[in-house]
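Step one of this worksheet: look at the structure below.
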Amino acid sequence: MIVVIKQNVPKERIDRLIHRIEGMGLSIHYSEGSSTTILGLLGDTSRIDERTLLADDSVEYVRRVTEPYKAVNRKMHPNDTVLEVAGRKIGEGYFNVFAGPCSVESEEQILMVAEAVKNAGASFLRGGAFKPRTSPYSFQGMEAEGLKLLMEAKRQTGLPIVTEIMSEKHLDLFADVDIIQLGARNMQNFMLLKELGRSKKPILMKRGLSATMEEFLMAAEYIYAGGNENVILCERGIRTFEPMIRNNLDVSAVPLVKTHSHLPIMIDPSHAAGRRDMVAPLSRAAIAIGADGLMIEVHNNPKCALCDGAQSLDLYQFTSTMEDIKKRVAFEGRELQTAL
Amino acid sequence: MIVVIKQNVPKERIDRLIHRIEGMGLSIHYSEGSSTTILGLLGDTSRIDERTLLADDSVEYVRRVTEPYKAVNRKMHPNDTVLEVAGRKIGEGYFNVFAGPCSVESEEQILMVAEAVKNAGASFLRGGAFKPRTSPYSFQGMEAEGLKLLMEAKRQTGLPIVTEIMSEKHLDLFADVDIIQLGARNMQNFMLLKELGRSKKPILMKRGLSATMEEFLMAAEYIYAGGNENVILCERGIRTFEPMIRNNLDVSAVPLVKTHSHLPIMIDPSHAAGRRDMVAPLSRAAIAIGADGLMIEVHNNPKCALCDGAQSLDLYQFTSTMEDIKKRVAFEGRELQTAL
Amino acid sequence: MIVVIKQNVPKERIDRLIHRIEGMGLSIHYSEGSSTTILGLLGDTSRIDERTLLADDSVEYVRRVTEPYKAVNRKMHPNDTVLEVAGRKIGEGYFNVFAGPCSVESEEQILMVAEAVKNAGASFLRGGAFKPRTSPYSFQGMEAEGLKLLMEAKRQTGLPIVTEIMSEKHLDLFADVDIIQLGARNMQNFMLLKELGRSKKPILMKRGLSATMEEFLMAAEYIYAGGNENVILCERGIRTFEPMIRNNLDVSAVPLVKTHSHLPIMIDPSHAAGRRDMVAPLSRAAIAIGADGLMIEVHNNPKCALCDGAQSLDLYQFTSTMEDIKKRVAFEGRELQTAL
Amino acid sequence: MIVVIKQNVPKERIDRLIHRIEGMGLSIHYSEGSSTTILGLLGDTSRIDERTLLADDSVEYVRRVTEPYKAVNRKMHPNDTVLEVAGRKIGEGYFNVFAGPCSVESEEQILMVAEAVKNAGASFLRGGAFKPRTSPYSFQGMEAEGLKLLMEAKRQTGLPIVTEIMSEKHLDLFADVDIIQLGARNMQNFMLLKELGRSKKPILMKRGLSATMEEFLMAAEYIYAGGNENVILCERGIRTFEPMIRNNLDVSAVPLVKTHSHLPIMIDPSHAAGRRDMVAPLSRAAIAIGADGLMIEVHNNPKCALCDGAQSLDLYQFTSTMEDIKKRVAFEGRELQTAL
């Protein structure tokens, strides 16, 4: 349920109204735009009589939100959410490229890639320390040791870090990580979502392989409902019947998220197709359709990568792809975030 | 099987080789690029011994094409195919917008829409006379009468016509149509494909709702195998599990077609999502990823359209979408084809 | 819209009512059950005022049918439709096995298979003369010659024939065929559906690879709307993401069809999985869930079959599978139809 | 890699061989059938030279397992695995029905349902204490309190308990649970899989909504790789394009699992379709195709259920469905496991 406040109502009257609503056992999502202030009422609003709210002089009108996602719903928050993480802005008007290897493999490797992606224009270093692998016999990542190497790469390059969490019990290890990634296979790991909701860390949440848009937004709602409003969505391809590529990038997700939610949404073209030659064309489509950023796998030596080599760009390919990306981001009138 | 000819081999020696190969019961797809001439051998090549071909002095090398699509395979024809239809070029370097109503409904309607889309920058008028409808009780199109109205619109505006065929027995009625559209539900109507192969008309072939890329190219191969080399592919969304939109536009189809085939490929953003608000963003993605054109539904009064009103742009929306399209096509360095 | 007639209303009064409704421009689907007579009104019923029908003394009540499928809707016809074709009953209470090779390949082959499937307990001989093939270079069937061989097999064994049509222009060739099969790829070939509606031949209509249940029933509605009430549905697997099998047999289709329609539905386990070893287990599931029959591919020498050998049973395998089928059909209390 | 032991080799020589192989850094899956003993070698077998194994006199032959699933592969263990849990046998030859409510809601409710399903013939009581819900605002289960009520129901009825775990940190709470269920959305929650591998509890692992068969078996491989060989698979419907039902039950999963693995597989017809009227027909198909059991939702008052009421049978419906199930299980020659 949203309560739209009349224009020019003094702050103390709004506060009084908020206090009254909280007394009804609800919590409030407060959204102040340039001309409109909206109170989003979260919790069981079914027993609230709209007339008791309308009776308040501050209230312009009251509307129920029929979608199951409430806090992440654009109706609750008409303006785009723009996050600020480690000095970079993420969301409408800004464009970020998160780049780095699928897995951290060694100090030498991560430092070399970090330096290269920084120079090419990436704003964040991505790299996996805990790796979700289909097989228990595959390399499972360097784990805590990998996180340390990422921190060393951050120290040396100044690039903030994005890396994936696989269990709530590792949360303490992620204290210095800038953005915690939640993988596609954990999008509906509800216990982990709840823990991430209790954290205040920015969360990059990937869409499940066959998650509907509603399920995608509901997973973000879990994080919001826990009190964490720092969520970035990421589309990474959906599972279909096509054997030529690993997944089909669903570019429709971008305008659908923009219509129904205020959250930023990025695109991962590397995992989508699982093919190096698709990264550049899918990136172009992503920028044009309005994605807020890209997440690209880059490796110093893709042929020898311990994971996902077939989809990784080498340092040279990434640099030249970034040249194209820069021109396109400028064409769209957006500001590329880079190393500071 | 492809036979690559040595450089500077005189034409008569190539002709002699062709004659010899035809004598083996095969037909030839001839492709002459700036530096390479390639003979594509079509038919049952399993009994051909490569050595008998290599023994010919004109032959540089011989390679078997493992994919089941042969004539439409880029290996047979390394350069992009560019068609010329009614004075417009279709394919690499050029960009076309086919626009018009889902159905021809009346002379007044089609003339009004034709005039508007011409002025906005469309190169072809699309409009349905024979309509494939899920229900036998829905409006089935104006049929032969609709084709006549399209011809009248062509006479008055000079716009060439794209319209859908639903049965081989109607082929004579399509004699003055510029491009015959084959609908998604008929992509594997093999008898119709064979008839279209015997025709010389350019064919706009839509991808089936759940056709793999290989099946898509194999359907085009049917038309080629019949002798018609004027095929334009069109991606229009694939069926998935997502209920918010009718279909998910599969932009990956564009780079995949460009990699594996030499045929032009357009995108239909209107049918893909089935929602008017998705047409502009999907069009942007299509242009950026390298599609050779767009097919957009436009109606003078979408609310009263006899079919697919929810996805049709009105004349004003189309005109403003075209302004955006023109800038993007120019940015990509491609030449927009328009009314002559 | 359905009109339920009061009990014990004399026939002439019902006829008068029918005459009156036809005068409104509608056609009637008449269904007489043991205790209830129902008139199904087909056509544009939106302008009919229910009260003018309720005013008739014969009318018990009137109800609008909200589903887009009308004539094939169970609401129009509460009892199961049971067809009688060449002396065999198809539908509730009866069970049929249609068996034979994917393609007719020679007189010797089809006669040998026909004799064997007859002896094993099949009620119809299936065999393809016109073959829908993904590749234009694959064997396309023996066409008219294949139909003649099927007729010869029928003459010698007495087994009626099921074979696939691919174009309305071949309809005359199918005059002596007992059941015309419409293939999955033509399920929404609306022109062919209309022609089959004008025919009086029983039609075995396969579900499209990604057709929803509603689209499946709407395709049958096309045939009914043309005047042909002899339709048998056939589920043959849907396209999903699973690479181990060609398609996933959707057994849910059987209870869904039985709930929403009165038409018989068979299952094709051979095309579903595309693997011989799956035919017997899928057949067991089909019988248990209430399918009205099975369509099984049988070949005298699967290793050398010109098409679909990997999924064909050999004569011995079919005979032993039939032993299992017979026990299960008896367990379900249904009557196996066999050679007469 | 599997090592097949010659017949009549004394146990101590096999032990010596095992010791030698373990010395190479591999672990052993030991499978002793009536006539064959097989050693399954787990770990990185790529550096093992087959000849050094063949040189051992006890060894009949050595074969590499090309599938990525090793320990759960039927090649490692040709006989079906039959588990014994709380005195009931699960696997080939036996048939179990796990029944109970989606959620434990109160002591009265769970006791009433437990008593009823026991009397009807269920062998295990299922009930959710921790509930994975799409919405953070939906009832999340009674959690630890729910587990206590399940234990009370077990004490009073003697029925062992199956209930779902959602986080590795709850594992201690599940000490008295007989079978731990892993939900579809957690099938690739690899950290949880690893913890369940370290446990010795029997695990009922549901297939993810869009998991391929290979991914399904690989998830079971994670549990095996951790040392827990008590895994029961459960197919519960896959996500497709069909809107009439929640998911399409994939009965093909049963013969595919039986071909490629030795693990038992059950079917959950309640979650598959999400419709009460589909439970009985899907159960019939499941029994006929060879599933080792069913998992059915039963509620004393489905209309008021806190979750999934639409798919729950009431006590009367369950009892009559069980009558049908008993006859069918007997027909298949399998032994129904019931209350002791």
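Each chain gets a letter, A, B, C and D, in the order it is written, and its residues are counted from 1.
Just so we're on the same page, a residue touches a chain if its C-beta (ideal position, glycine included) is under 8 Å from a C-beta of that chain, and two chains touch if they have at least 3 such contacts.
Here the structure is a predicted model, which means the values were calculated and not measured.
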Between the pairs A-B and A-C, the one where more C-beta pairs touch: A-B
Chain whose average C-alpha position is farthest from chain B's own: D
Where chain A and chain B are represented by their mean Cα positions, the distance between them in whole Å: 37
Approximate Å spacing (C-alpha centroids) for the pair chain A, chain C: 50
Touching two or more other chains - residues of chain D: 210, 239-241, 243
Of chain B, residues touching chain A in the complex: 210, 212-214, 238, 240-245, 248-252, 254-256, 259, 272-273, 277-278, 281-282, 284-290, 328, 331
Contacting residues of chain C [partner chain B, same complex]: 42-44, 68, 70, 132-137, 166-169, 185-186, 188-194, 209-210, 215, 218, 221-222, 225-226, 239
Parts of chain C lying in touch with chain A, wherever the complex brings them together: 239-241, 243
